[in-house]
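Encoded as structure tokens, here's the structure I'll be asking about.
Letters A, B and C mark the chains as written, and numbering starts fresh at 1 in each.
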Amino acid sequence: MRNLVLGFALTALFVIGALLSFLWTPYDHTVLEVSNKLRPPSLSHPFGTDQLGRDILSMIMVGARTSIAVAVVAVGIGMGLGVPLGLAAAARRGGWVDELIMRGNDLIFAFPSLLIAILITAVFGPSAVNAIIAIGIFNIPVFARVTRGGALSIWQQDFILAARVAGKRATRISVEHILPNIANLLIVQGTIQFSLGILAEAALSYVGLGAQPPVPSWGRMLAESQTLFMIAPHITLFPGFAIVLTVLGLNLAGDGLRDLLDPRIRRTAL
Amino acid sequence: MLRYAVTRTGSLLLSLAVASLVIFAAIEVVPGDPAAFMLGLNAQADTVAALRDELGLNASLAERYFSWILGLLKGDLGTSYTYRSPVSEIVAERLVISLPLAGYALLLTMLVAFPAGIFAASRRGSAADVLVMGGTQLGVAIPNFWFAMIMVVIFAINLRWFSAGGFPGWDAGFLAAMKALTLPAIALALPQASILARVMRSALLDTLSSDYIRTARAKGLTKGQALRRHALRNAMIPVLTILGLQFSFLLAGAIIIENVFFLPGLGRLIFQAISQRDLIVVESVVMLLVFAVILVNFLVDLAYAWVDPRLRLRT
Amino acid sequence: MKHLIMATSVVAVLSSANAVSARDVTIGLQLEPPHLDPTSAAAGAIDQVLYSNVLEGLTRFSSDGSVVPGLAESWEVSEDGVIYTFALRDGVTFHDGTSFEAADVVFSLDRARGADSTNAQKGLFANIAGVQATDSQTVVITLDQPQGAFLFNLAWGDAVIVAPESIDDIKSTPIGTGAFRFEDWKQGDSIRLTRNDDYWGTPAQLDGATFKFISDPTAAFAAMMAEDIDAFYSYPAPENLAQFEADPRFTVLAGNTEGETIMAMNNKLPPFDNKLVRQAVSHAIDRAAIIDGAMFGYGTPIGSHFAPHNPAYVDLTGNSAYDPEKAKSLLTEAGYPNGFSTTLKLPPPSYARRGGEIIAAQLRAVGIEAEISNLEWAQWLEQAFKGYDFGLTIVSHTEPMDIGIYARPGYYFQYDNIDFQKLMTEFEVENDPDKRTAILQEAQTIISEDYVNAYLFQLALTSVVNAKLQGIWADAPTQAVDLTGVSWTD
């Protein structure tokens, strides 16, 4: 419970920061003031300024937008495609559909994910959209596997048997009975993938493959600070803290949610 | 069992064939010409054409795919466009760094995760448990490349205990090599150790609450004795599974860390090969990595099926 | 008195010990060569290690960029300027012990200009009609037409002389005639050269040299500070130079390169086909802010595509002085009162990436929205350079004396001016130095006043060197780290 509150508080902090940035930021992050570069934190710039004289606090607020958007859409792609695949595999367990889906899953898992992301951007050019696609693809097998695992245990239950006897088709059973029963599982997994997505976006931007300037991105802020943080440590510390706290918040929230929801999952399952 | 092994082998081969096609297709559509990259801004069109010819890039896609696959089957990974030496030699040179690095990171992972997991499990709910688990949460949340950057400033630039980057080669001596590999190994191990410690703890708690441990406790074993004698052995199954996954991840997943520390390992090789459009290197190395993972999965599946006959039916 | 003698003898012992250990040098470089054949790749890293040190041409660049005799001791040019007769140096041997003869020159030049040549600068040899060895020490080169820059062209790293029997292994074991021989390449780490004791010229003062490849600026900083390396040639991060300057152990050399850093405009793509628009863009750019922000102050503003250290340079920066108001009114005059949108494609170097962000902000201030995309070199070559798919792009043209690219209408920025092309044809065949200077000055003015591209700054070469090391070239007339004159002062 304590985890859940702390987790939600941290997550909310960044979501609010991101939302607020649509209306207001302390400075305009698109305006450069080179003569004012690398200023340490002060009253006028609480997090200091970066190598091009931009306000780091404003950059972090707008950067939160990028991180959250990339992660949310990537999780959406993973769920949108992975959950139906997992449901189908569970409904046809042991059959060729199941085999095909699961082997396909294994195949995607076997590819080194970061490499594929690099290849995707080499083909289509670096952009936030391509980062989303690259991260999203690797979310598909995760959700397919979790869905199939959860669904298989539900399929064993008496009320499903009753539904089948009543003549309901597998698709309808999956949507009407299986899905609501594994929703909690998916929410928890979604939170975890969300936090992994934020880390992945940071890593991709760090190697230059994510959102392009002037759209701020936490990962790119870290990458650009690499040669400068010996003279101006603040430009690497603040974006780094932003990533750590957001991911930490999401993980704590995920753990808390599982603790909260798990007993109920077990109860219905038994 | 035999029938199971045969069908699984069939699907393994099919997976590999599909993987090879996907890899080849994905990499060949990457825009950019390796010959143009090598010859730079002043090159004339006929020079680029001559180089393309020399590199065998003018053959048709199908021809190149089959000559690549046939080469792979014979153990020939091709010849790098940029370096003009056999890919297998280049890979071998890089593995000399990547394998020890992955091994070192895994060793650190276990050295931290096992005691931390056992300690936390044995004091479940105590302040120490909360502290260790909080630490692991932090370990998962820190981007490891950022952690690496900070370590470089502290331990390489200010304290000068380790090198900030590069690899002097094993012939420079074990100590010099360790100076170069320690910070990258720590950076790689941090998130892995955090994950493993959590798995260890929950696996231990699961077995500790099972019936036979209760029986053992009833027979007079202390909690610590029960943990050491019985629970630990049973908890090793999920832990080893995770460790296996982590090793293959560390081998390919070190791209970013190898870039931060400028280590000439496998990950950096692929990264550079992509930017230089040294396609044959990218194709062969990715294929090699995918093959390794698929093979490991296959062996694990067979081992499970052998241990637990029920699994054979479920595929 | 006795004390003094003892003291000096101790000093003598110490310094001789130092001298022995200090006869070697370790040089840091950013990029590792892909292989070791400068005659079949554009990679500057190959020349940095091998040019003049291991491999030599008929002529060579000296530290001030002038062309001096190399393997050719002297030459005569015919009246009509098309026949060059080179007298080769006597008693020169390759590192494998074979002797250097006219046949090697014929072989090397024919290989570079042949049909299946993979020489990255094949154009340098396009004007050669024939190469003949009249005896073992004399080579006669016949040109199609007079060419003022011919001796200059022969000084390039792409024109070095190699022996036919060394070609098969040249990519891993280059064999040349230079003051150093190639010894060993630890891939991913370093290349080692040792002194060639049979060198035909003044022998090198160093026993050997190790080139260590460190592309990561943080690692370069650490290695330099720990004195693991004695000099870092072309230090990658100008932001760290202040720390080296403040440290008495080091000297920071700030020299010139041949790199004109420009923001190229696609002259065939609307609206950049309109000279007023190009002029507006040029006036919208504040070079001082770019040099300060992207290069931390290192770099010389330029107003045309010409190196400021060249004697023929004319300062034309006034043509495109920073004046956002003027830029806006020019845009209005050109029919874009509300500005327009375009693309800004940026290759990897930090001058482009940082400079690009600054320029995008400056353009935004006058109403031009430049959408940035960061590209790898391979993508940039494919899209911008080969595919003309860009509005704006930033790149540094590092080849020496390359104003001739403006006479190539198919070159990526697609400037097509018949008068300029005629002028360059005239220049090609002109042999009189004064007239050549006059033509160059006119050429600079034409492209500056045509606002072909936005001219930003001459890329500076910043090297960090151990204060006791002397003879490292401060300037880079070509991509070379010539070690033949380098020595320790202690």
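The criterion applied here is as follows: a residue touches a chain if its C-beta (ideal position, glycine included) is under 8 Å from a C-beta of that chain, and two chains touch if they have at least 3 such contacts.
Small disclaimer: the values here were computed from a predicted structure and weren't measured.
> Give the chain pair, either A-C or A-B, that is connected by more C-beta contacts.
Of A-B and A-C, more C-beta pairs in contact link A-B.
> Averaging each chain's C-alpha atoms to get its centre, pick out the one most distant from chain C.
Farthest chain from chain C, going by C-alpha centroids: A.
> Can you identify the chain nearest the overall CA centroid, using each chain's own CA centroid?
B
> As a quick test, compute the distance in whole Å between the mean CA positions of chain B and chain C.
40
> Taking each chain's centre as its mean C-alpha position, how far apart are chain A and chain B in Å?
That gives a centre separation of 22 Å.
> What is the distance in Å between the mean C-alpha positions of chain A and chain C?
Centres of chain A and chain C (C-alpha means) sit 45 Å apart.
> Mind pulling the chain C residues that touch 2 or more other chains?
Within chain C, the residues that touch at least two other chains are 218, 221, 376, 378-379.
> Which positions in chain A touch two or more other chains at once?
122, 226, 230
> Do you know which chain B residues sit against two or more other chains?
Within chain B, residues 31-32, 149, 153, 157, 259, 274-275 contact more than one other chain.
> Considering the complex alone, what residue numbers of chain B touch chain C?
Chain B reaches chain C through residues 31-34, 36-44, 46-47, 50-51, 53-54, 82-85, 90, 93-94, 97, 149, 152-153, 156-157, 160, 163-169, 259-262, 264, 274-277.
> Flag every residue of chain B that touches chain A in the complex, lowest number first.
Checking each residue of chain B against chain A gives 11, 14-15, 18-19, 22, 26-27, 29-32, 137-138, 140-143, 145-146, 149-150, 153, 157, 252-253, 255-256, 259, 270-271, 274-275, 282, 286, 289-290, 293-294, 297, 313-315.
> Which of the residues in chain C come into contact with chain B in the complex?
Contacts found on chain C: 34-35, 40-43, 115-123, 171-172, 186-189, 212-216, 218-219, 221-223, 225-226, 376-379, 381-383, 385-386, 397, 399, 402.
> Spell out the residues on chain C that touch chain A in their complex, using ranges where they run on.
217-218, 221, 236-237, 239-240, 242-243, 289, 292-293, 348, 354, 356-358, 360-361, 364, 372-376, 378-379
> Once bound in the complex, which stretches of chain A touch chain C?
For this pair, the touching residues of chain A are 30-32, 34-35, 37, 51-53, 122, 125-127, 208, 212-214, 226-228, 230-231.
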